[in-house]
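Which chain is which? They are A, B, C, D, E, F, G, H, I and J, in the order written, and residues in each are numbered from 1.
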Amino acid sequence: MLFLVRMDVNIPRDLPADEANEIKAREKAYSQDLQRDGRWKSIWRVVGEYANYSIFDVSSNDEMHQLLQGLPLFPFMKIDVTPLAAHPSAIA
Amino acid sequence: MLFLVRMDVNIPRDLPADEANEIKAREKAYSQDLQRDGRWKSIWRVVGEYANYSIFDVSSNDEMHQLLQGLPLFPFMKIDVTPLAAHPSAIA
Amino acid sequence: MLFLVRMDVNIPRDLPADEANEIKAREKAYSQDLQRDGRWKSIWRVVGEYANYSIFDVSSNDEMHQLLQGLPLFPFMKIDVTPLAAHPSAIA
Amino acid sequence: MLFLVRMDVNIPRDLPADEANEIKAREKAYSQDLQRDGRWKSIWRVVGEYANYSIFDVSSNDEMHQLLQGLPLFPFMKIDVTPLAAHPSAIA
Amino acid sequence: MLFLVRMDVNIPRDLPADEANEIKAREKAYSQDLQRDGRWKSIWRVVGEYANYSIFDVSSNDEMHQLLQGLPLFPFMKIDVTPLAAHPSAIA
Amino acid sequence: MLFLVRMDVNIPRDLPADEANEIKAREKAYSQDLQRDGRWKSIWRVVGEYANYSIFDVSSNDEMHQLLQGLPLFPFMKIDVTPLAAHPSAIA
Amino acid sequence: MLFLVRMDVNIPRDLPADEANEIKAREKAYSQDLQRDGRWKSIWRVVGEYANYSIFDVSSNDEMHQLLQGLPLFPFMKIDVTPLAAHPSAIA
Amino acid sequence: MLFLVRMDVNIPRDLPADEANEIKAREKAYSQDLQRDGRWKSIWRVVGEYANYSIFDVSSNDEMHQLLQGLPLFPFMKIDVTPLAAHPSAIA
Amino acid sequence: MLFLVRMDVNIPRDLPADEANEIKAREKAYSQDLQRDGRWKSIWRVVGEYANYSIFDVSSNDEMHQLLQGLPLFPFMKIDVTPLAAHPSAIA
Amino acid sequence: MLFLVRMDVNIPRDLPADEANEIKAREKAYSQDLQRDGRWKSIWRVVGEYANYSIFDVSSNDEMHQLLQGLPLFPFMKIDVTPLAAHPSAIA
């Protein structure tokens, strides 16, 4: 079951650089684990912005929320979720 | 080079059903040709709306515009285009 | 799996009254069938507007879309879908 | 008398963790008390956001305001209230 | 129980003048009946617009909706409803 | 001459509680003085928000601005002013 | 007492040219009469749009509304009114 | 003196094709004349939309408005004008 | 060449009062100098807001920007600029 | 391949002046290097705002993002990117 998710990141300037870097490293690992297990199917940078569009493949709304709420950057992101369905013109 | 494209379809009620169906059949064929040649990578229905999100892979802004302008439903759609770039956390 | 859905109805003035009434009767029957089988859990009128908020309980995004697309009034509605998850403070 | 309420929570980063946790614990107790007495009928998490949609059943606008204003997180929330009425298609 | 209601009127140009005038006459009578019985407490014109702000005093959300839905101009208005509560600084 | 005014209050968290309370006490007194002299005709709480809708009766735009600018909470409010005129359906 | 007014004109395409021209001629005469008597102090075209910004000097909200409602183009305009007050830095 | 102008074109479906084509031909000639005399410096298509962004170089606001108002497609366009000034980092 | 300019002022609360007063005094002198030389033709307070609408008469976009950028309050204002042209109904 | 980019700059007040000046000097040098190599074709100030509109000529979305992300002021800007295509009426 697919979702399109947009995440806009806004790390406060007064967060110590060490702390910010540690959070970003955990975020990257967290994302790559989910990419490897197939639930975070795609992630793209929005040109010119500290933001991404991602495709997730999960089995329920609850699972979708758990994955997003667990993001290390969750407290510093604005997240917008769009549920997707099969399109009748899709060939695959 | 990737683009996220949202298309909202609004076919006028006074378009004769035959004409509408013929346009939708051409739209489907047009989309599937581009899906087969790899430029229209994905198409998903937005849940609850006569709309889709799609991913395109083209070699220039001009090619992106030509593909969209050529859509049989182009006169009846509101289209929004977001250029995408590689994300540093993407594993593939 | 729950969704909050807002539907705003806008029936064109030039739709013949007979046709409009027939569509509204089918809409009501369609809604009540889904309420009886438990998938359309709640429907409320928005005060002062020809609109409703509803709660649906379905097993996938695809099922959610199929139910909404099948609404007899679908061509005359603006629909907005919000996926819901369990809240940690909910007692039931 | 029903209301749909959306609450978006935004706890300032400089609120001490102890204080934040104490407020959140009081918020949970407050919510569960109202759920038990039947006035806070439902609460759901909005997928991907620190926000909820809730249904309240109260006897007046004043009671609705008193309940919301009494929320321990009230100073840290943006709240949007929509009055609901019975829908003619509802079976219950 | 008070509500602030904004109504924006938009009568279609192709509605025959006789019909429009008859609807407006019924609207005026309907409004003045409710003003006389105390439920439509105030009505003011928004300067420069075919719109009004009104204060209603009713006993429930359902009654509020029934009054608004019964307006002869209801099909030609955009209506926005804000529930009001007592203000602690009000002297009366 | 009437105006509908919406005021949204946002007192900064770092304003000392004593100072905030003193400002709020002065605001209440200021409001009640104007209510007593008839210029601040009504004040209602917006349900669920730290905001009010008010009706003012003044003799000019300048007087309206002077009254609002003099509010002790003026620096902490977003204010929106709508000029009102007599409505032809009003009975009084 | 001054108001800034923005008027956006949208004459329907199916209004007969004769009728449109007659309305526009009356609009011009109406505007110039009010300019001559000093109540319509200024009128400017918004660059690139079929719209104007105007300054009116009237003695009440009711007079402001009567002048605007009397515009021959009133049924074909979206009007936005902003009340103005004296500015403490103005030299005149 | 430069302006950035965005034009969104919306030709009504019931405009006869001959008439639409004749207007579009005149629009093209009009645009190319102004491009040749240097006042319409650039014109680009917005990817995926029937819209353009253009740069104009004119000597006054009045000239800017006259050029835009004279566009054969003017009645069918939404136009948005942004005045531009020299940027201190520009090398030319 | 005329421009309508709206300025919304937002002086940060932690700016020392002395500094704020000194900036406001310089702003007033700057504005009055430009009013006297005829380039800042009018300035009005927006009722209920710490904002003004002004009319400027300058010879170019660059001059318009230089005047605005030179405002002592420029760092604390949101400024919106609308270019104006002669209106065919203006009598003067 | 062209892009229209709008950048709105917002340097926090508590950034030390030395640091801000150093960043602005690097920004200017960065911009002028890209202007000289032809990728940053134009940069204009938006009249009245600390913002610019720019035209970039790059070979891919990824290159566009790399250039923008590398801006010394990137952390302090809101950036909006519009992909442009050739316009059929352009003479050059």
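Quick note on the criterion: a residue touches a chain if its C-beta (ideal position, glycine included) is under 8 Å from a C-beta of that chain, and two chains touch if they have at least 3 such contacts.
Chain by chain, the UniProt names read as follows: A, B, C, D, E, F, G, H, I, J = Muconolactone Delta-isomerase.
What you are looking at is a predicted structure, and each value in this text was computed from that prediction instead of being measured.
S.K.: Taking contact as defined at the start, I'd like the list of chains shared as neighbours by chain B and chain H.
M.R.: Common neighbours, chain B/chain H: J.
S.K.: In terms of contact pairs by residue number, which of B-J, B-H or E-F shares over half with F-I?
M.R.: That would be B-H, since it shares over half of the contact pairs of F-I.
S.K.: Roughly how far is chain A from chain B, centre to centre by C-alpha average, rounded to an integer in Å?
M.R.: Centres of chain A and chain B (C-alpha means) sit 23 Å apart.
S.K.: What is the distance in Å between the mean C-alpha positions of chain I and chain J?
M.R.: Computed value for the inter-centroid distance: 27 Å.
S.K.: On a C-alpha centroid basis, what's the spacing between chain D and chain H, in Å?
M.R.: 50
S.K.: Counting only residues that touch at least 2 other chains, which ones in chain I make the list?
M.R.: Residues 2-3, 45, 47, 61, 64-65, 81, 83-86 of chain I touch two or more partner chains.
S.K.: Can you identify all of the chain pairs that touch?
M.R.: Result for touching pairs of chains: A-B, A-C, A-D, A-J, B-C, B-H, B-J, C-D, C-E, D-E, D-F, E-F, E-G, F-G, F-I, G-H, G-I, H-I, H-J, I-J.
S.K.: Mind pulling up the chain G residues that touch chain H in the complex?
M.R.: 13, 45, 47-49
S.K.: Inside the complex, what are the residues of chain B that reach chain A?
M.R.: 2, 4, 27-28, 31-32, 35-36, 42-47, 52-53, 55, 82-92
S.K.: In the complex formed with chain F, which residues of chain D make contact?
M.R.: Contacts found on chain D: 3, 5, 12, 61, 64-65, 68-69, 75, 79-81.
S.K.: So in the complex, which bits of chain J are touching chain B?
M.R.: 1-3, 60-62, 64-66, 81, 83-86
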